[in-house]
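Okay, so here's the structure we're looking at.
Chain naming follows the written order as A, B, C, D and E, and within any one chain the residues start at number 1.
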Amino acid sequence: MSTPLLEATGIRRTFGHVQALKGADFRVMPGEIVALIGDNGAGKSTLVKILSGADKPDEGTLRVEGREVSFTSPLDAQECGIATVYQDLALAPDLTPADNLFLGRELTRSGFLGKLGFLDRRTMQRQAVEQFSKLGVQLKSQRVAIASLSGGQQQSVAIARAAMWASKLVILDEPTAALGVVQTQRVLDLCRRVRDAGTSVVLISHNMPQVLEVADRVHVLRLGQTVADLRAADATVADLVREMTSGQAKELAA
Amino acid sequence: MSTPLLEATGIRRTFGHVQALKGADFRVMPGEIVALIGDNGAGKSTLVKILSGADKPDEGTLRVEGREVSFTSPLDAQECGIATVYQDLALAPDLTPADNLFLGRELTRSGFLGKLGFLDRRTMQRQAVEQFSKLGVQLKSQRVAIASLSGGQQQSVAIARAAMWASKLVILDEPTAALGVVQTQRVLDLCRRVRDAGTSVVLISHNMPQVLEVADRVHVLRLGQTVADLRAADATVADLVREMTSGQAKELAA
Amino acid sequence: QEANSVALVLGSSGSPFYQAMQCGAQARAKELGLTLTVSAADQFAADAQIPVVNAVTASAPKVAAIVPTDMQALIPPMRELAGRGTQVITVDQTISDPSILKTQVLTDNKAGGGMAADALAALIGKKGKVLVITQPPGSLAQDAREAGFAETLKAKYPDIEYLGPQYQSNDPQRAAEIITSTLSAHPDLAGVFSTNDQGAIGAITGLRQAGAVGKVKMVAYDAASAEVAALKNGELQGLIAQSPSQQGAVAMDIAAKLIAGEAVEPVTMAEIVAIGADQPELADKYEYVAGCM
Amino acid sequence: MSNDLAIAPVESTEDRLLRLVAGGWIFLLLLALVAIFLVLKPAQFGSGYNVQQLFINAAILLVLAVGQTYVVITSGIDLSVGSVLVFASVVSAKLMLFLSGAGGTTYGTTAAGWDIIAIGTVAALLVGAAWGAFNGILIAVTKIPPLIVTLGTMGMALGGAQILSGGVDVRAMPELLVTQVGSGRILGIPALVVIATVTVIIAGIVLHMTRFGMHVFAVGSNAEASRRSGIPTMARLIQVYAISGLMAGIAAVMSNARFSTTTINGHAMDNLATISAVVLGGTSLFGGVGSVFGTVVGVFIPIILLNGFVILGIPPFWQTVAMGAVLILAVWIDQLKRRLRKRG
Amino acid sequence: MSNDLAIAPVESTEDRLLRLVAGGWIFLLLLALVAIFLVLKPAQFGSGYNVQQLFINAAILLVLAVGQTYVVITSGIDLSVGSVLVFASVVSAKLMLFLSGAGGTTYGTTAAGWDIIAIGTVAALLVGAAWGAFNGILIAVTKIPPLIVTLGTMGMALGGAQILSGGVDVRAMPELLVTQVGSGRILGIPALVVIATVTVIIAGIVLHMTRFGMHVFAVGSNAEASRRSGIPTMARLIQVYAISGLMAGIAAVMSNARFSTTTINGHAMDNLATISAVVLGGTSLFGGVGSVFGTVVGVFIPIILLNGFVILGIPPFWQTVAMGAVLILAVWIDQLKRRLRKRG
C-alpha cells in the first residue's frame, strides 16, 4: 500500500462543553475520491477545517505524504496543494465573482508594476470567465458583488475557486447542497475529472446515492469518531445509513 | 376546482439590471404539497420572499383564498397563516435555539406581568425542547447561541420554527440542503403529515427523486418565468430536468 | 464690502464669556452705525479657528477684531488678512508678532492668576493645601492663569502647599470627581482655584456633594451667572472677573476710529477685578450676561 | 443525545445569572482595582465618604450609559446623548424659570414648587425622547448609518441649545430641585443615586426579561431575520433611540439638580464615555450581545480609576495615559478569559 | 446566458470609473453647495484667495481621512488619529529644536536646515506609524474591538504628548519648514496642497489598483473568508492601522509647518471629522466597500459649508445646527439615489 496523501489520526477538538471530534481518524490516498459522511453535527465540517488549516486540533497528528505537518494557517495547507470549499463558503460578499476567485492569489501585472503589486484585472477577469463557463456557472453580471447572487451561484463560485487552485487535494464540504440538477452533475463530473488527472477529492454529502455514484471509498463519522471506512463498490445506501445512525436505527423506524 | 389557497400572477421583480422574475405565476391549492423547482438563479427564492411578504414585487397580484392581498411586511403573510423557511435561514445568530423558535411570537407570562410583556422563558424552553425532539433535532446544548451550531442543526431549527407557526401554508426553500439522511426523511415525513392535517406545503428542492417522492404537483420556473406545472404522479426525473433546462439540454450533453 | 463693515472672530462659540463679548460689541456697533458680523469656531483651538479667519479674510471687512486662539499659529492667516487691506486688531488674547496689528485689547491672564492667588491666600490665612482645576494644557489663557497662580504662591506664600493642577476638558462632571477625590486624599484641603466657569460649576458641585462648602475656600475665574450666584450664596468666596461686554464695546470703538482714520493707542489693557464675597453688587455688574441673544 | 436535552431542558437560575453577568470578568477587574486601591490607601479610598461620592459621581453617566446599551445592542451608536442632555436641560430650566415667580432663599434659585418642577421634568423627558425618536426615525426609515445620524443630531441639538440659551447657562433653578434632588437624600441615600439605581434596574429588567428586550437583541443580532419573523424592526429601532433620548432627558434633570445650572459646554465627552462604558461591560458593537449589568461595571471603572489616581497622587498626564491603557487591558483580559472559557 | 458573459467579459473603463466614484451623488451635492455659495457671494466665495484657502484648510484633514478610509474599509475605526498627530508633532518639534542651533530670522523660529527637518519628518512618520502599528497589533492579535483600542491609545498618545512637552506647546519650529512648507508654494501651488494631493493619489492607487488594496477590501468584507483564502489578515490589519498612523505622522509635519507650533489642545475633533468624511464619501462602516475619491469629497463638504456660512454671516450657533443637518441630508440623498439606481 502506498503512503496516504493526507492522513489524520486521533483528532480531538472541543468547543466549550461540546466535543466536536473525539479522536477521529481520516485518510486520503493519491488519486481517489473519498466521501466523508455522517449525521448532522457528527463533526465533518470541523474535521474539514482542521484538514485545511482553518482550525487547529486540540490533539492529534496530520501527515501529508507521510511527513508530519502542523498547519498553523490555511496558507500552510494551500502550500501542500490542498484547496477547500467550506460549508459556509467563505467568500467576500462585497467583492465580485472574479475577485473572489483569485482571493489570496491575485494576479499582478508583469514587470515593474507587478513588483509593486499592481493587479492585472484584465487577465483575472478573462480567466474567471473561462473557469466559470468550464463549470457551467451562469452569472447574469460579472460585476456585481457576490452577496447579490443566488445561493447556488455563490456555491458555484466557491467550487470554481477550489477547483482552480488545488494541485493535490480538493475538499468539498457539501458542495452540491444548493446546486441545481445540471450544476450538481457538473460538480460530480468535475470530481471524476480531477481524480483522473491525479488530484484526490474529499467529498462531503448527505445525498447517499450521489456518494455511492462518485466515491471510491466512504468514510463514516459518528459523534466525532470514525466508525467505518468502506469501499463504495461494496456498500449500499442502507449500509451507509446504518453506519451513520447505528443505535438510532430503531428511533428512525419509530 | 376549488379556490387556490395562494395564487400569484404576473409577478415581476428586477434588481438593477437583473430581471429575477419576469411575469411568474404560481398557485397552491389547499392541502397539497407543491414542489417549486428550477435551475440556480431561476428566481425561486425571490418568488418565495414575495409570497412571504419579505419582498415586494414590482408588478403582479397575490391572492389568498381568492382575496387579493398586498403583503407590506412578513407580518401580513404570517397573519394569513403562512410561515417560511428561507434559503438563508433568517435566524438571529446570537440568540438561543428556543429564542429563535419563538422570535416575533414570544410567549409572555399570564396575568399582569404578561401584560407588561414579561417573557415566560420556562414555557418557551419546554415547548422548544418538545418541538425539537418531535423533529429529531439534536442539540448538544440548548443554551448556546445559534451561531455555534452546525449547518444542519441551524436548518433544523429554522424548519421547526416554520412548522410550529404555519396554520395554512409552510414554504420551505431548500430545507433539506444541509440535512443528514435521517433528518431529511423526517422533514419529508413532516411535509406529508402537515399536508394530511390540511396545511399546504411549498417545497423547493434540487433533489428530483425527493421532489417526485413527496410532491403532489411540480411547478417549474425557468429564467424568471413559469414554464410548466405538472402532476408529480405523471412526471419522471427526466421530464423535470428537461423542463428546467430546456434549450440547454444539448449543452448539458456536450 | 461696505465701508463700515467689521468682523469679530470669537475664541469659541457658546462660552458665556464670548457671548457677553459679542453682545457688548453688537450694542456698541449699532450705536456707531457699524455693520458687524460675528463668527467663531466651535472649539477654542487654532486648527478650528483658522478656517474661520480665512473665510473672514475672503469676505474682506474693513476692520477685523480677532480673539486669537494661539499666539503663533494665527500669525500667518492674520498677516494674510492684514495684507489684503483689512485693519486687524486683537481682543482678549494676542499674537506674538504684533507688527501686523493696529492695536491690541489685552487681558493679562497671568496677572489674573496672581490676583486669584492673593485672594485665596487671604481667605485661607496664607497656609494650607490648595488645588487648581483647569483645562488640559495648550489653552493659552488657562495656562497663563495657572502659571500666574503658581508663581505668586511660590513667591509670596511659602506656607501654602500647592497640590498642582488637575485637568477637566470643560467637563463639570470631571471637575466634581476631582474635588471629591481630592478631599478623600486630603481632607484638610484649604482652597481651590478654578480657571474657568465650567470647572467652577463642577468644583462647587463637588464641594456641595462633599459637604465642604465654606470649609474649603474657593476662588474662580470668570463671572458666569452660576458663579455669581454661588458667590452670593457663599459657596465660593472670590471671583476674578473680566468685562467681556466692555471689551467688545472697546473693540468696536477702536474699529470705528480706524475706519475714520483716527489714531489709536497701540495697547489697551482690559480690566480684571477681584470680587470678594462681600461685593455682590460688583458681581452683578460684571456678571456675564448675553442679553442680546 | 436527546437525553442531553432532557438533562437541562430549562435554563437554571444559575445559568441565567451567568448570562446576565456577561461582563463577568470585567467585574473581577473592577474588584481587583478596588482591592488594589484599598490596600494602598485603605483609609482614604475605603471611607464611607469616598464610596458615597463614587456613587454620586457615577449617577448621571449611569443613566446615559444604560440608554446607550440599548442602542449598541441593536448594533447602533448614539453620539448625540451629551448634546440631547444639554438641549433638554436648557428647555427644562428655561421653562421652569419662566413659570417661576419669586426667587428662592439662595441666589440663583427660584421658589418654584414641585408642580413646576414636575412640568420641567416632563418637558426634559419629552424633549429628550423626541430627539431620540428623531434619531430613530432617520435610522430606521431612511437607513442612514446611526453614526452619521447621531453625529448630525449631536450638532443640531447642541446648536439648538445654544440658540435657545444664547450660549449662556440658564440663570436660576428651582431651589427645591437643587436641595431635594441634587443634594437631597432618600432614606439616607443620595437622591441622585436612588434615581439612577431605579432607572438602571427598570432598564435591566425590561432588556433582559421582557419581549421588548428580546426584540432589541434580535434586531441587533440579525435585523433582516427579525423583520422576516414579524418583529416590527423599525418601530423597535425608533423606540430604542427614543429610550436613549429619554435617558438623556432624565440625565438632564439630574444634571440641572446636581450642578444647579445648565452646563451647556460640559457634555462633549459624554458620548465616548458612555460608549466605552458599554463596550467595557461586554456589549458587542456588532449588536446582539450585551447586558445592563456589564454597563454598570463599565461606568464605574473609569470613575474608580480617576478617584484612585487622584488619591494616590498620580500626576494628571499619567492619569490620561493610564486610563487609556486600563481601558485596553480590561477588554483584553475579558477577551482572553472568554476564549479560555470557550475552549473549556 | 453564457453569451451574457461574452457580452461583458472585462470590466469597461467606464464601469471602473463609476465604481471609483462610489460617492458619486455626494459629489453632486458638493457641486450644488459650491454653486449656491457662488451665486450668493460670487466675489468673496469664488475669489482665488478663498479657493486656495479652502484647499489649504482641507490639506491636513485630507491626509488623515485617507488613512481613516483604509481603516474603515477593514470595518475598523481609528479614534486615535488626532492624538497620534499631536504626539508625532511634539516628538518631531522637540527633536528638531534639540538639533537646532541658532534662532531663525523671525520670532519663534530656528535656523535648522533641511537635514534637521528631514530627521524631524522621519521621526514624525516613524512615531505615527509606530502608534498605528501598536493599534493594529492589539486589534489583530488580541481581537479587542478597534473602537476600544483606539479610544485607549487616543488617551495614551495625548497623555504621552503632554508628558513629553510638559503641557507647553513647542513653539520654535525650523524657519525653513514654516516658510517653505507651511506657507511655501511649488509651481504656484501651496506646498501643503501638493503634499496632500500626492498622498491622496498614492493612497488611492494603492487601495484601488494593487493586491494590497484588494486585501484591505477582502478583510473588511469577510475576515474569516480572507484568512481561509490565505490572506495574512493579521498582517494586513496591522499594516492598515500603521498606514493610518503614518498618515497622522505626515499630517503632524504639515501641522507643525502650517501653524509653526505644536497644537496640543487642538485636533480633539479630528477623529469624528475624518470618520464623518469617510462615511459621507460612501465608505461603509461595516467594511468591504469604499473609495478614496469619496473621502476627498467628504472632507470638502464641511470645510466648504463652514467657509460659506462665515462668508454669508450666518451666526455660529446656526452653523452648528446647519452642519449637522447637512451631514444627515447628504447621506440621505446618497441613500435614496443608490436605492433608485439599484431598482433602476
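Rule of thumb we're sticking to: a contact is a pair of C-beta atoms (placed from the backbone, for glycine too) under 8 Å apart; a residue touches a chain by one contact, two chains touch by 3 or more.
Everything quoted here is computed from the prediction, not taken from an experiment.
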Task: Going by C-alpha centroids, which chain is farthest from chain A? Tell me that one.
output: C
- request: Could you work out which chain's C-alpha centre is the most distant one from the centre of chain E?
  value: B
Query: Between chain C and chain E, what is the gap in Å from one C-alpha centre to the other?
result: 33
Message: Roughly how far is chain B from chain E, centre to centre by C-alpha average, rounded to an integer in Å?
response: 48
- prompt: Using mean CA coordinates as chain centres, what's the chain B-chain D distance in Å?
  reply: 42
Task: Could you list which residues of chain A touch at least two other chains?
output: 15-17, 138, 140-141
Query: So which bits of chain C are touching at least two other chains?
result: 13-14, 169
Query: What residues in chain D touch two or more of the other chains?
result: 1, 158, 162, 167
Query: Of all residues in chain D, which touch chain E in the complex?
result: 79, 138, 142-145, 147-149, 151-160, 162-163, 167, 272, 275-276, 279-280, 284-285, 317-325, 327-328, 331-332, 335-336
Statement: Per the touch rule above, chain A residues touching chain E in the complex are 52, 54, 73-75, 78, 84, 86, 89-95, 99, 103-106, 108, 116-119, 121-122, 125-126, 129, 132-133, 138-143
Message: Touching residues of chain D toward chain C in the complex: what are they?
response: 41, 44-45, 47, 49-50, 53, 56-57, 60-61, 106-109, 158, 162, 165-172, 182-183, 258-261, 263-269, 303, 306-307, 310-313, 315-316
Field: Touching residues on chain C, where the partner in the complex is chain D
entry: 13-16, 18-20, 164-167, 169-174, 176-178, 180-185, 197-198, 201-202, 205, 208-210, 224-226, 228-230, 232-233, 288-290, 292-293
Message: Quick check on the complex: what are the chain D residues that touch chain B?
response: 1-2, 4-5, 8-11, 15, 19, 209-212, 214, 217-218, 220-222, 224-232, 287-289
